[in-house]
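Note that the chains take the letters A, B and C in the order they are written out, and that residue 1 is the start of every chain.
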Amino acid sequence: MKEKKKRFKHEHGSSFSVDYYAYASHMRSWNAGFKVLFSIISLLICIACNNLFVSLAVIFFMGFLTVAVGGLDLHHYITMLLVPIVFLIFGTIAIAIGFSMRPVGQYHVHFLNLFYIYWSKASLLKAGGLVFKALGAVSALYMMTLTTPLSEIIAVLRKAHIPKLIIELMNMIYRYIFIMIDTHSRMKNSAESRLGYCDFKTSCYSFGQVASNLLVVSLKRGNNYYNALEARCYDGDLRFLEEEKPLKAGQIVMAVIFIVVLLLIWFFTR
Amino acid sequence: MQEKEPILKVEDLHFTYNGEKTALNGVDLNIYEGEKIAVLGSNGAGKSTFFLNINGVLKSHHGDIYYRGEKITKKNLNDLRKNVGIVFQDADNQIIASTVMAEVSFGPMNLKLPKKEVISRVDKALEYMNISEFKDRPPHYLSGGEKKRVSIADIIAMESEVIIFDEPTAALDPLNAAMLEEVLQKMGDEGRTMLISTHDVDFAYRWAERVIVFCHGKIIADDTPLAVFKQEDILKQANLKHPMMFDVYDILKEKGIVPDGDVYPKNIAEFQAMVKGL
Amino acid sequence: MSKKQKNLAVLASVFLMLLTIAPVSNAMHIMEGFLPVKYCILWGVICVPFLVIGFMNIKKVLGNDRRTLTVLALTGAFVFVLSSLKIPSVTGSCSHMTGTGLGAILFGPCVTSILGIIVLIFQAILLAHGGLTTLGANCFSMAIAGPIISWILYKLLQKANVNKRVCIFVAAFLGDLFTYCVTSFQLALAYPSEVGGIGASIAKFLGIFATTQLPLAVIEGILTVVIVIALETYAKDELSSLEF
């Protein structure tokens, strides 16, 4: 029972919450192209400047936008930020330390009499800076993904002249993902009800069975999907009506001021 | 009525899948404006294949289809798709877009209508199906009944002349099934031409004006509901049962409770009217 | 050793132990913001020729039969869903499949590259695994390098008449390992060691990630075998439509 609860939490706590939050965000009415552009510019500035203060500014402002303006629960936002943190921990530790057969570096410890782990003040600082830089980049990305549904992001990509075929595949994949998740949870429950996950070996077997079944069932439906498209005069070009979301002058001014402030921070703390 | 030109005229239609499985084996049918047709027949009898053929998705190997007197060839195939709409059995198979508005706009957009026209059609269709409030929502957060309504709005927005429903009540809960029947009634009252395939003989009996029975890729009966359900051999061949009202009437008749007048009641209301005088 | 150093040593060993058993979800995706701009661009540019070839290939297949489009989209969605599912593991941590080997074995490297980059974009946006600036690096390691190795190995072993299960396992296992080697190399290139430079850094990243990636690669290998065998038993017809 406990195990089941955990699994449930995992699936709903992190897997697709981004999609859900994006639809619920108050910032959904903002122009999608603007959000994408603003997010990517901020992200690039954050990485290119490689400056602690710039990173902090990006973290706070993007967090403010997503939470205060977008209306996302702060607790949910922090939970979302924890998702990439595992890589962050691994990655930054790996960058901060080094291994050596000889005692080198500013600080070092002898590990299990086999090798030395060493680090330095500079490497720690670098790793610390990297943590904030990465968090800044992630929060800029989140400002976009937590306020803009994927379908709108795809529409922006289409306007950016990404090949039609890719856009079409993306649109379909996005839709099919949710149909598959539905099918999968039904199959999994049925496997679970027959004790398909009682130990590691059976789990592997059941996982494989369910996964392959998922693909087979979906492929069998593939033809029906295409029929349904053609029945509505589909001619090789997925066209949908998009909601007009006008750009607001205030938002542009806000974005420009923020970017200028970032550059000023970078200039004065260089 | 019968002298009028049919909207759709199907002549000796044959269709085989991959040259192996024969799905349609010589189908002739005329569909006239404003008809409410129920299509009966067991699974695999050829109903869905027939629908895809008269919508122009599948191309028959033998036989012709005429739309308003004009023979359908590769050139005017889109006329058929435009004017014959299918609401598929599983809404998930049909819905492709990621918001309800985008989804309903897909058909009209493919018709290359001006944007203004698309918007007005989408709004009208959403209102008709009573789902205007879901406009910006993604289909994956809608319930089964709501998805079904979206899939119907899809076709309404295309303003097709003939609307086909492929087993519309399958997988719907009683409440949604009732909602659906209300919509079908409303569309029928507006004089729309509709074909509905179903396994629910009670529904077919009370709703339809004409019943077609498919069996092994052929039409084995095409008449009024009353006439079809009276032919025992047809029912047996297609594995169909009598509608409930039919049996109830027969029992009452046998017991001599109601007069033997061959006026089978269509629904509960008619039945009530009949027993009221007793 | 002074007392302080001793404490530090204990602390460090405890920490390393923790790391080895820590739940790792997606250590193979390089996170958003982790690479300097020039490496983001470098890896992006390296991906371009592979993606163009993949794109042309898909276009040709679709030119022959447009109906393949839904099949392609479904397989893309499948790889994404697969990568978002918790897989069984011994420690009870939550980890995910990459689907690299599976994609390569079923669809070949060309199609996998295009579907792979789309899946990576979706993972970055919907699951917060990986990122947009690191898309190039992740795409190269997971959608190009790994699948190519898997595919070559699979074809070679098949020609050599090796047992099918062994073929699949080796292809998926080594494809996974290669992906993680490439990721380590990408990180090492961007962050060389103070002593020993890039070479030492590669060894360091390989060593640290090995604790989680080795068992994961084994599990991925096993699961890929189970999935492919099940597919071949139940869905021979459907599989034939996947051979692009």
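Convention: a contact is a pair of C-beta atoms (placed from the backbone, for glycine too) under 8 Å apart; a residue touches a chain by one contact, two chains touch by 3 or more.
Just so you know, these numbers come straight off a predicted model, no measurement behind them.
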Average the C-alpha coordinates of each chain, average all protein C-alpha coordinates together, and give the chain whose average is closest to the overall one.
A
Among all chains, whose Cα centre is located farthest from the one for chain C?
B
Return the distance between the CA-based centres of chain A and chain C, expressed in whole Å.
17
In angstrom, rounded to a whole number, how far apart do the mean CA points of chain A and chain B lie?
44
Between chain B and chain C, tell me the centre distance in angstrom, where each centre is the average of that chain's C-alpha atoms.
48
Residues of chain A touching 2+ other chains?
19, 150, 172, 174, 179, 221, 225, 229
Would you pull the chain A residues touching chain C in the complex into a rising list?
7, 10-11, 14-16, 18-19, 40, 43-44, 46-48, 50, 80, 83-84, 86-91, 93-95, 97-100, 104-105, 107, 109-112, 117-118, 120, 122-123, 130, 133-138, 141-142, 145, 150, 153, 163, 165-166, 168-170, 172-174, 176-177, 179-181, 184, 197, 200, 203-205, 207-209, 211-216, 218-223, 225-226, 229, 236
Which residues of chain A touch chain B in their complex?
19-20, 23, 28, 149-151, 171-172, 174-175, 178-179, 182, 221, 224-225, 227-235, 238-243
Would you mind writing out the residues of chain C in touch with chain A in their complex?
1, 5, 8-9, 12-13, 16, 19, 22-27, 29-37, 40, 55, 58-59, 62, 66-67, 69-78, 80-82, 84-90, 94, 114-115, 118-119, 121-122, 124-129, 131-133, 187, 191, 193-196, 200-201, 203-205, 207-209, 219, 222-223, 225-231, 234-235, 238, 241-242
In their complex, what parts of chain B are in touch with chain A?
52, 55-58, 78, 81-82, 85-86, 88, 90, 92-99, 101-103, 105-111, 115, 118-119, 122, 136-141, 154-155, 158
